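What follows is chain A paired twice: with chain B in the first complex and chain C in the second.
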Partner chain A sequence: MKKVVIPLAIILLFTAPWIVSGPFFVHLMIMVLMWTVLGASWNILGGFTGQVSFGHSTFLGAGAYTTMILYLKLGVAPWYGIPIGGLVAALIALPIGFICFRLRGPYFALSTLAVAEIIRLVALNWESLTNGPVGLLITTLPEVTFWGRSIDWESKTPFYYIIAVIALGAIVATYIMSRTRLGAYSLAIREDIDSAEAIGINTVQARVAALSLSAFFAGVAGGFYAMYLRYIDPDAVFSIALSVEMVFIAVVGGLTTVAGPLIGAIVLVTFGETFRELFLVGHLIFYGLMMMIVIRYLPEGIWGKLRLWFGTRS
Partner chain B sequence: MALLTVKGLTKFFGGLRAVHDLSFEVQPGEILGLIGPNGAGKTTAFNLIAGFIHPTRGQVLLDGENIVGMKPYAVTRKGIARTFQIVKPFRKLSVLENVTLAAFLRFPARRNAESEAQRVLERVGLGSKKLALAADLTLSEQKRLEIARALATRPKLLLLDEPMGGLNATEMGQASTLVVDICKGGVTIIWVEHVLKAIMNSSHRVVVINQGEKIADAAPEQVVENPSVIAAYLGTKAK
Partner chain C sequence: MDTFIQSIVSGILTGSLYAMIGVGLTVIFGVMRIINMAHGDMVMLGMYGAFLAPTFLRIDPFLSIVIWIPIAFIVGVLLYRFLLKNIVPAGELNTLLYTAGLSLFIANLVLLIGTGDYRTIKLKYAIMPLRPFGIAVPIPLAIAFGMAILITVALYWFLVRTDTGRAIRATSQEPEAAALMGVNVDRMAIITFALGTALACGAGVLLAPSLYLYPTVGEILVAKCFVIVVLGGLGSVPGAIAGGLLLGLVESLGAVYVSVPYKDAIGFVIFLLVLLFRPSGLFGVGKS
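Let's turn to the complex of A and B:
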C-alpha cells in the first residue's frame, strides 16, 4: 500500500496548484506546508527525544531574521538566505542545547520558554541589526528566470513550490532519522534517560544533535515565512503563540510518526481558517474545543491512531 | 592487579554521610557481594562507581585508571555496566530493541547490533520474548532484560543492583544460576543485595557495609558468623 500512497502523495503535492483554483486555496496550502515543516521540526525533538520545547519560535525567528538581514543588508537572495537561515538556527541551537539539557523534563521545557523570551527581547532591542520593534520589510524580490520564464513573485504559486520542496525535505529527514542510530538513541532517551546513559549513550550530545536538526527545519521555515510575508518583527516571529502552535501540530498529528506533522498541519490549519471564516468573533473558542477533543480522544494523535487501527506499529 | 579498586570513597548528601571512607578491591573473575541493611549506603556506593553521582572524596580505579568524575555513559564505555534496582526498561520498545540499543555501543551497524542482542537474549533466556514490548514483561523477565541490556555493552565489570528484589524462590534460583554463568563467561561482578541469603552460595567474597562504612570483607561463610555483621542486621542484645 505504501508503494502506491507515497508516489501518489508526492504527485498530488506538486500538481495541487493546478487542481485547486484561487489564491486563497493556494495560500491555505502554503500555510499547511509551512506548518508541516514547523510541526516536523518540533516532532524531531519533542516526538523522538521526548524533550518538550516551548521555545521553538527562537529558531523560526533566527531563520527569518537571517534570511531578511542577509537580503536587505548584503543583497544575498532569499533562496540562499533560507538554507543559511536554517544553518544559523542549527548553530544557535548548540549553545542553547548544551546549557538547557543540563535540566530535565519540565525544567528543560521552562528553560526553553525563558530562552525564547530572552532572544525576543534581544531582537526587540538590537535595533542596528534587527530594526527593533519596527521590523524588517522586503518590497521586491530579485528577478529569477526558471526554464526561460521570469518568475512572478506576485503570484503565490512559486512560493507553493518552494515550501512543497522544503516540506518534502523535512518529512524525508524525519524518515531518515527514524532509521538511524540518532533516532534509536532519541527513543531510548525519551523512554528512560538514566537507562540511556547506562548503556553508554551520551545523552547530552544526542539531545543537542536532535535539537540542532530540529532547529534547522524551524529556521528554514522561518526564512520562508519572511520571504513569503515580506515583513517580520520580533513579536511576530519570536512569539510564544508560534511555539505553542508547533507543539499542537506535532501532537495532534501524532508524535514520533513521519507523516504526523503533515496530518496535524492539514487538520489544524484548515480548521483554524474555516473557524475564522465561520465565526468572526470567538473562533479561537472552537479551535480550543477541537484541541480538547483531539487530546481527550486521540492522545496518540490522528496519524498515530490511524496507524494503530491499521496495525502497522513501527 | 585488581580490576576495580575503591579507595577512601566518601559521599555526603548535605549533612548526611551516606558513604564513609569505603575501600575495597575486586579481582578479575570474581563475584563480589556487597550487602548491608536498609539505608547502609549500598546503592550510593553503587551509583558512585557507575558515575551516576560523584563522590565528595576518594577514588575509583578501573584497571588502575581513575574514573571518578566521568559521566555514566563514559563509565559504561570504559567497561562498567549496571542494572537498576527499580527496573528501567525502555517500556514502549520491544525487548530486542531494548538490547539492540545497548549493543550499538560496540556494534555500530544495526545488523551486527541486532545479532549481538539476539545472542545475549538467548543467553539470559528471553529469546522467545524478543518481540514483546518491554512493558508487557513480568518483573522477573524485566530484571533479566536489565541484565541483558547491561551485557550487550560488553562490560568487564557488571554491577547488579538487587537483581533478586521482588522475585520468588524459583526465580531467585534461576537468577543466581544466570549470574554465576555470566561470571564464568569472563565478566567480573559486583552484586548488591539486601538479603544476605540470596548471594551466600554464589559470591566468592562479601563486603558488608553499615551506616556507610565497611564492617566486614571476607568469604560468605565467615561473614555470617561475624558478630558485627549480626549486630548490624539484628541489633545488639539489650543489657
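Let's turn to the complex of A and C:
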C-alpha cells in the first residue's frame, strides 16, 4: 500500500495548485505545509528523543531574522537566505542544547521557555540589528526567471512550490533520521535516559544533535515565513504561542511518526485558518481543544492511531 | 538613595502578588507533581473578573474578590474532577501538554467572547499615589499588597494548623505514607488544585487594577510564575513566597540599575542559573 500512497501523495503535493484555485486555498495549503515543517521540526526533538521544548520559536525567529537581515542589509536573495537561516538556527541550538540538556523532563521544558523569552527580549531591544519592535519589512523580492518566464511574486503559487519542497525535505529527513543511529539513540533516550546512558550512549551529544537538526528545519521554516509574509517583528516570530503551536501540531498528528506532523498540520491549520477567516480572533481555541482530546483519548496522535488501524488490517 | 528605597518598596509590593500566584502553582506541584501551564490563565480570569465587577455586580473591583475566590475554588474542583483527574497518572509530560492545551483553550475562549483589546481598570480613589516618607506608593498596589498578605497568612495558617492542611503537606511530602496513615490522597488532590486555582484567581483580581489586561496575559504570567517557584524550590510554600518577593525586587531594581527593556530578562537569566546549579531552589527546600 505504501508503494501506491507515497507517490500519489507526492504527485498531489506538486499538482495541488492546478487542482484547487482561489488565493485563500493556496494560502491555506502554504500554511499547512509551513506548519508541517514546523511540526516535523518539533517532532524530531520532542517525538524521537522525548524532550519537550517550549522554546522552538527561538529557531524559527533566528531563521526568519537571518533571512530578512541578509536580504535587507547585504542583498542576499531569500532562496540563499532560507538555508543559511536554517544553519544559523542549528548553530544557535548547540549552546542552548549543551546548557538546557543538563536538565530533564519538565525542567528542560521550562528552561527552553526561559531561553526563548530571553532571546525574544534581546531581539526586541537590539535595535541596530533587528530594528526592534518596529520589525523588518521587505517591499520587493528580487526578479527571478524560471524556464524563461519571470516569476510573479505577487501570486502565491511560487511560494507554494518552495514550501512544498521544504516540507518534503523535512518529512524525508525525519524518515532518514528514524532509520539511522541517531534515531535509534533518540528512541533509547526517550524510553529510558538512564539505561541509554548506561549502555554507553552519549545522551547529551545525541540530544544536541537531534535539537540541532530540529532547529535547522524550524529555521528554514522561519526564513520562508519571513519571505512569504514579508514582515517580521520579535513578538510575531519569537512568541511563546508559536512554540506552543508547534508542539500541538506534532502531538495531535502523532509523535515519533514520519507523517504525523503533516496530518496534525492538515487538521489543525485547516480549521484554524478557516476559523480566522470567519471570526478573525481566537483561532487557537480548536488547537487547545484538540490537544486535550488527543492527550486524553489518543495519546499516540491521530496518525499514530490510524497507522495502528492500517497495521491490523493488512 | 531615594530611588533605591523607592524601587525596594515597589519591588516588594509587586512581589507580594507574584508570591501569591507562585504559592498556588507550588502547592499544586507539591501534591500532584504536575506543572500547571494553565495557571496564568486562572490569573487572567481573575483579572477579567475584577474588570467586570463594577459593571455587572456593581461592586468595587477589589471587593469582588470575595465572590471570585469561592467561584474559582468550585471551578478548580470541577476542572480537576472532570478534566485532570484522568490525565495526572499518565505522567508529568502528558499533564504539561494537557494543561498547555487547556491554557490555549481558555485564553482563546476569552479572546472570542470579548476582544483582544488592552483594558485598564480606573479606580476613582486611586488617581494620586500615597506619599508616606516621600516614597510614591500607588493606592491599587498598596491595597492589593495588604490583601495578598492577609490571604497568604490565612493560607499558611490553614496549611500549618488545620487537619486538612496537615494532610495536604503530608501528601506533598510522601503520598504513599500519607495514604497509609489514612489520608484520602485523591481528596487532597482536589482540594489542593481548587486552592491553587482560587489563589491564582484571587491574585488576578488584586493585580487587575495595576496591570493592562488582555486575554493572553496568562502566557507571560505563567512564565514568571515558573521563575518564582523554581527560585524558591518547586513544591515549597515558603520558597514560593520568597521567590515571588525576590522576583519583584529583581525586576524593580533591574529596571532602575540595569535597564528597563531587559528587566524581564534578568528574572529569566536567574531562573536558568538556578535551574542549572541549584535545581532544588535557592533555599534548597524544593524537590527536583
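Rule of thumb we're sticking to: the second predicted complex is superposed on the first by the 296 of 314 C-alpha atoms of A that agree within 3 Å, B and C clash if a C-alpha of one lies under 4 Å from a C-alpha of the other, contacts with A are read in each partner's own complex, and residues count from 1 in each chain.
We take it that a residue touches a chain if its C-beta (ideal position, glycine included) is under 8 Å from a C-beta of that chain, and two chains touch if they have at least 3 such contacts.
All values derive from a computational prediction rather than experimental measurement.
When chain A is checked against chain B and against chain C, the one touching more of its residues turns out to be C. Looking at the shared chain after the overlay, A:244 reaches chain C, while chain B stays out of its contact range.
Residue contacts after overlaying the shared chain place A:285 against chain C, while chain B stays out of touching range. Contacts of A:203 after superposition on the shared chain: chain B is touched, whereas chain C is not.
Contacts of A:184 after superposition: chain B is touched, whereas chain C is not reached. When the two complexes are overlaid on their common chain A, residue A:192 makes contact with chain B while staying clear of chain C. In the overlay built on the shared chain, the residue A:298 is in contact with neither chain B nor chain C. The touching residues of chain B, counted against chain A in their complex, run 50, 52, 71-74, 76-77, 81-82, 84, 88-93, 97, 100-102, 104-105, 108, 110, 149-150, 152-153. Across the interface of their complex, chain C is touched by residues 50, 52, 54, 99, 102-103, 105-107, 109-111, 113-115, 117-118, 121-122, 124-125, 240-241, 244, 247-248, 251, 279, 281-285, 287-292, 295-296, 299 of chain A. Chain A makes touch with chain B in their complex at residues 181, 184-185, 187-188, 191-192, 194-203. Against chain A, in their complex, chain C makes its touches with residues 35, 83, 86-87, 90, 92-94, 96-98, 100-109, 111-112, 115-116, 216, 219-220, 223, 226-227, 230, 259, 261-262, 264-265, 268-269, 271-272, 275-276, 279, 288.
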